[in-house]
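Heads up, there are several structures right after this.
Shared between the two complexes below is chain A, which has chain B as its partner in the first and chain C in the second.
What follows is the complex of A and B.
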C-alpha cells in the first residue's frame, strides 16, 4: 500500500466511523424511547383521559390540547409571516429598513424558548388578561414560529424566477396582481414546507406554554380558546416531576413521548412528500 | 404609405452613471417589422424595454427624452403604465410561460382585467390559432404550459401577448434559445402577424434581420448609427460601422 492509498483508506474509514456514531445515537435514541414507551400504546391510551392522578388511563386531552395549540398558532403565524415576507420581497424600501427587520427576525429566532414563555406570561396572560389559556399559549407559540415562517416564505418568494414577474407586468398586470396571481401561487408549495417544519417545532415546545397554556391535570376537554389545556410535552414533564407514583407514571411519560415523536415524524414525512412532489414538477 | 406608430425623441437612458442610450431618435412604422441589431451591450434590448416601460423595474435606471406611442408620450406622469403594457406586448428571450395551464397562460391578461368567461374562451382559441399553436394544444389546454417544447412555449408567449389585442409586439431575441426549426416557425409567424400588428424585434442574428424585417436599426455603443429600409441598408450601408458589422468584422 502506497502512502496515498493509506491516506485514502484512513480518510474514508474515519468518515465511516463518524457516520456510524451519528447513526448509533439516533438508533439508540429511538430504541430507548420506544422500548420504554412502546408497550403503553393502545387504542385506549390514545382515546381516554388520565385516571387516578395520572397513574392510569390515556392521554387524549393532551393530544387534543397539542392539536389546538398547534393549529391556532400556525393559523396566526402563517398569514403574519407570509405578509411580512411579501412586504420584504416586493415593497421593502429603503434597504436599511429591510436589513434591520431581518436582523430583528434573526435575533428573535435565537431567543431561548423559555424567554418566549416569560414574554407570553407578561403580555398575553397578565397584560391582555387572557389568563392561562389556549389563546395565550397559541399567541406565544405563534411568535416563536414567526421567524421560521418569515424566513421560509421569503426564501420561497425569492426563488420564484424574475422571468415570471416580468412576464406578468409586461402583460399589463399591476404589482398587486402579480403578487397574488403569480408570485404567491408559485411560491406556495415551498411556503407550505416551511409551515410544516414550524408545526413540528411548535408541537414539541414546552417552555413557551409552561406559563401560558398548559395545565398539570384535567380530565375535561377544552370547550373554548379561553380554557387551559393539557399538552403532550408538558404532560411528559409533569409525569416525570410531579406525583407520588413514579413506577406507574414513568411508563406513561415514555408512552406520551412515543406519541409526540410519532406526530412530529408524521408531520415531517408529509413535508418530505410535498417537497418531493414539487421538485418533480419543477422545470424552470 | 407608412404611418409612424412609435417614435422616440432624444431618448437618453442611464443605468447609474452608465450612459446606455444616447439621444436615440427612431421611428417605428405601423404594421411593419423593424429589427434592432448591433453587437452585445449596444443598448438594443434596453431601447426595446423603453417602449413598454419595463426599464421602470430597474431602480437605478434614469430616462430623459420622449417616447411617443400614437403621438402620446408614454413617459408623461399621468400615463397608466398598465395601459401602455396592454397596448405594447412583449415576448422575452427565454420562453417564460407561467407555471399554470396552457389555457390560464393565455387567459392571464384577460382575467386581470376582469373579462367575461365567454370572451376569454373565444380569445384563447383565437390567440392560439394566430400563433399557430391551436392544432398542437387544443386537446390539452388544461395541461401545464411547462410540458410544451421550447419552441411551443415561445409561441405560447406570443399567443399570451396577442390575447391582449396589442397594437405592437416587442420581441427580445425571441429565437436565441430555440432550435432552427422552431426559429423558422417564429420567423414565419412574425411575417404573418405584421398584417395585424407592428413588430419590433431585437436580434443577434443578422441573417434573421435580413430575412424578416422591413426596416432595420443598427445600434453601436448606445448610439443609433443607422436606420433605414432593410434591403437598402443590407446592400448599401451608409455608415462604415454598419458595413463592418454587417460583413462580420465585429459582433
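What follows is the complex of A and C.
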C-alpha cells in the first residue's frame, strides 16, 4: 500500500469512526432513557396527579400544561409568521424594510432561549401583570418560535412557482385574492410541516418557561390561562434538582422523559411523513 | 387592509428584537451603580448573596467558554466527519440510515439530555475516571457536544453539496485519491459554509441553558482542570433568577450577565452572516 493509499484508508475510516461514535451515543442514550423510563409508563402514570410531594403518582397535570402552552403559543406565532412571510414574499418593499426584518429574524433566531425567558419575565409577567401563567409562558414561547415559523412559511411560499401567481393575476385576480386563494393553499402543506416542527421544539423548551409559566407541584389542573402550570420538560428538571427523595424522583423523571421524547418524536415523524407525501404528489 | 396586516406582522419582529434589547439594558445597566464595569467583567468573585456582595462575572464567562470549547472539540470532528461522509462517500442506502440518526439527535429536548447527563453519564464518569464529582465541565462538554453535532453536520453538508461536481471530477482526472480530493479541493471550496456552521454551533452551545444547569456542577470558579465544576452564564441566570428579589442588585446583575451573553451571540451571528454566508452567494 502506498503512502497515499494509506492516507485514504485512514481518512475514510476516521470518518466512519466519527459516525459510529455519534450513532453509538444515540443508541446508548435512547436505551438508557427508554429502559429506565419505559417501566414507569402505565395508564395511572399518564392519567393521575402526582402524590406525596412528587414521590408517587402520575404526571397528568404536566401533560395538560404542555398541551396548552404548545397549542396557545403556536396559535399566536403561526398567523404572525405566515403574515410576515407573505409580506416578505409578495410585497417585499421597501427594500430597506425587508432587509431590517430579515436582520431582526436572523438575530432573534440566534438569541439564547434563557434571554427569551428574561424578556417574558419583564414584559409579560411584570409589565403586563400576567404573573406566572399559561398566557405569559405561551406568549414567551410564541416569540421564541417566531423565527422558525417565519423561515418555514417563507420557504413554503417561495416554493410556489411564479407561473401560478402570474396566471392568477392574468385572470384578473387582485394581489390579495392571489395570495389568499392561490399562494397560501398551494404552500399550505409545507407551512404545516414547518408548524409541526415548531410544535416539537416548543413542547421541549424549558428555559423560557422557568420564570414565566412553570410550577413544580400542583395537584389541580389549570382552570384558566392565568393559572401557573406543571409542564413536562420543567417537571424533569424539577424532579432532578429539587425535593429530597432522589431515589423515588429519578425514576419518575425518566418516565416523564419517555413521554416527552415520544411526543416530540411522534410530532417530527408526522412532519417527515407529510413532507414525503408532498414531494411525491407535487406535479411541478 | 390585508397588506397592512402583513406589514404590521413584519414590523412586529423588529419591535420584539428592540424590546428584548431594551429590556436587557433597562434591567441590566443599573448593576453598574453597585459595581464598576471593569470589576463586573474582570473580577472572578461571584458572591451575589454575601454581604457585602461581589458581582464579578469573569468565572461565569470562563465557565461558558470552557464548556463551549469542550463541546466544539467533540462536535466538530463528529459533525463535520458525518457531513463529509454523507456528502462525499456514503451511498444512497447508508445516507438513508445516517441522516435520520442525526435528525433524531436534533429533535431531542435539551432537558432530556440533561437528565441523561445527571442520572447516567455522571455516575459512569465517576466510576471510570475516579473523580469526586461527575457533574463538571468535562461531562457538560460531552453532552453539549452531542447536541451541537446536528447543527454542524446539516449546515456543513449543505455547504459541501453546493461545491460543483466538476471540481471533484477534475481532481479525480488528475489522479487524486478520494481523500485528497476531499481535503484539498472540496473542503477548501466549502470553507465559508463549514466555518459558518461551526460558528452557529458555538452560538448554540454558549446559549444552551438546561444541559449546563444540570450537568456543569454549578461552582462559580475558574476551573483548574476540566474535571472541576463550573457555572456558565446561562446556568447562573436560570438558577438564581428564581431566588432574587425583583429590582435588587442581584436581579440587575443577572440581567447584566444576559447583556454579555446577548452580545456574544449577536456578534457571532453578525460575523457568520456578513463574512461567511455572504461570500458563498
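Throughout what follows, the second predicted complex is superposed on the first by the 269 of 284 C-alpha atoms of A that agree within 3 Å, B and C clash if a C-alpha of one lies under 4 Å from a C-alpha of the other, contacts with A are read in each partner's own complex, and residues count from 1 in each chain.
Everything below uses one rule, namely that contacts are C-beta pairs under 8 Å (C-beta built on N, C-alpha and C of every residue); 3 or more make two chains touch, one makes a residue touch a chain.
Keep in mind that this is a model prediction, so the values were computed, not measured.
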Clash-or-fit label for the pair chain B, chain C on chain A: fit
Partner chain in contact with A:221 - chain B first, chain C second, else both or neither: neither
Touching partner for A:182 - first (chain B), second (chain C), both, neither: first
Which superposed partner A:163 touches (first chain B, second chain C, both, neither): first
Which superposed partner A:274 touches (first chain B, second chain C, both, neither): neither
After the two structures are overlaid on chain A, angle v-u-w for chain B, chain A, chain C in degrees (C-alpha centres, nearest 10): 110
Which superposed partner A:33 touches (first chain B, second chain C, both, neither): second
Comparison of chain B and chain C by chain A residues contacted: C
Touching partner for A:4 - first (chain B), second (chain C), both, neither: second
Nearest-approach distance, in Å, of chain C Cα atoms to those of chain B in the combined model: 16
Shared chain A surface residues [contacts with chain B and with chain C]: none
Chain B partner contacts - residues on chain A that touch it in the complex: 161, 163-164, 166-174, 177, 181-182, 185-186, 281, 283-284
Touch list for chain B against partner chain A, complex: 52, 54, 57, 82-83, 85-86, 89-90, 92, 94, 96-100, 108-109, 111-113, 144, 146, 157, 160-161, 164
Residues of chain A touching chain C in the complex: 4-5, 7-8, 11-12, 14-19, 21-23, 25-26, 29, 32-33, 36, 79-80, 83-84, 86-88, 90-91, 97-98, 100-101, 104-108, 110-119, 121-123, 126, 143, 146-147, 150, 175-176, 179-180, 200, 203-207, 210-211, 233-234, 236-237, 240-241, 250, 253-254, 257, 260-261, 264-265, 268
Residues of chain C that touch chain A when the two form their complex: 2-3, 5-14, 16-17, 19-20, 23-24, 27, 77-78, 81-82, 84-85, 89, 98, 101-105, 107-116, 118-120, 146, 149, 177-180, 182-183, 200, 203, 206-210, 213-214, 234, 237-238, 241-242, 246, 254-255, 258, 261-262, 265-266, 268-269, 273
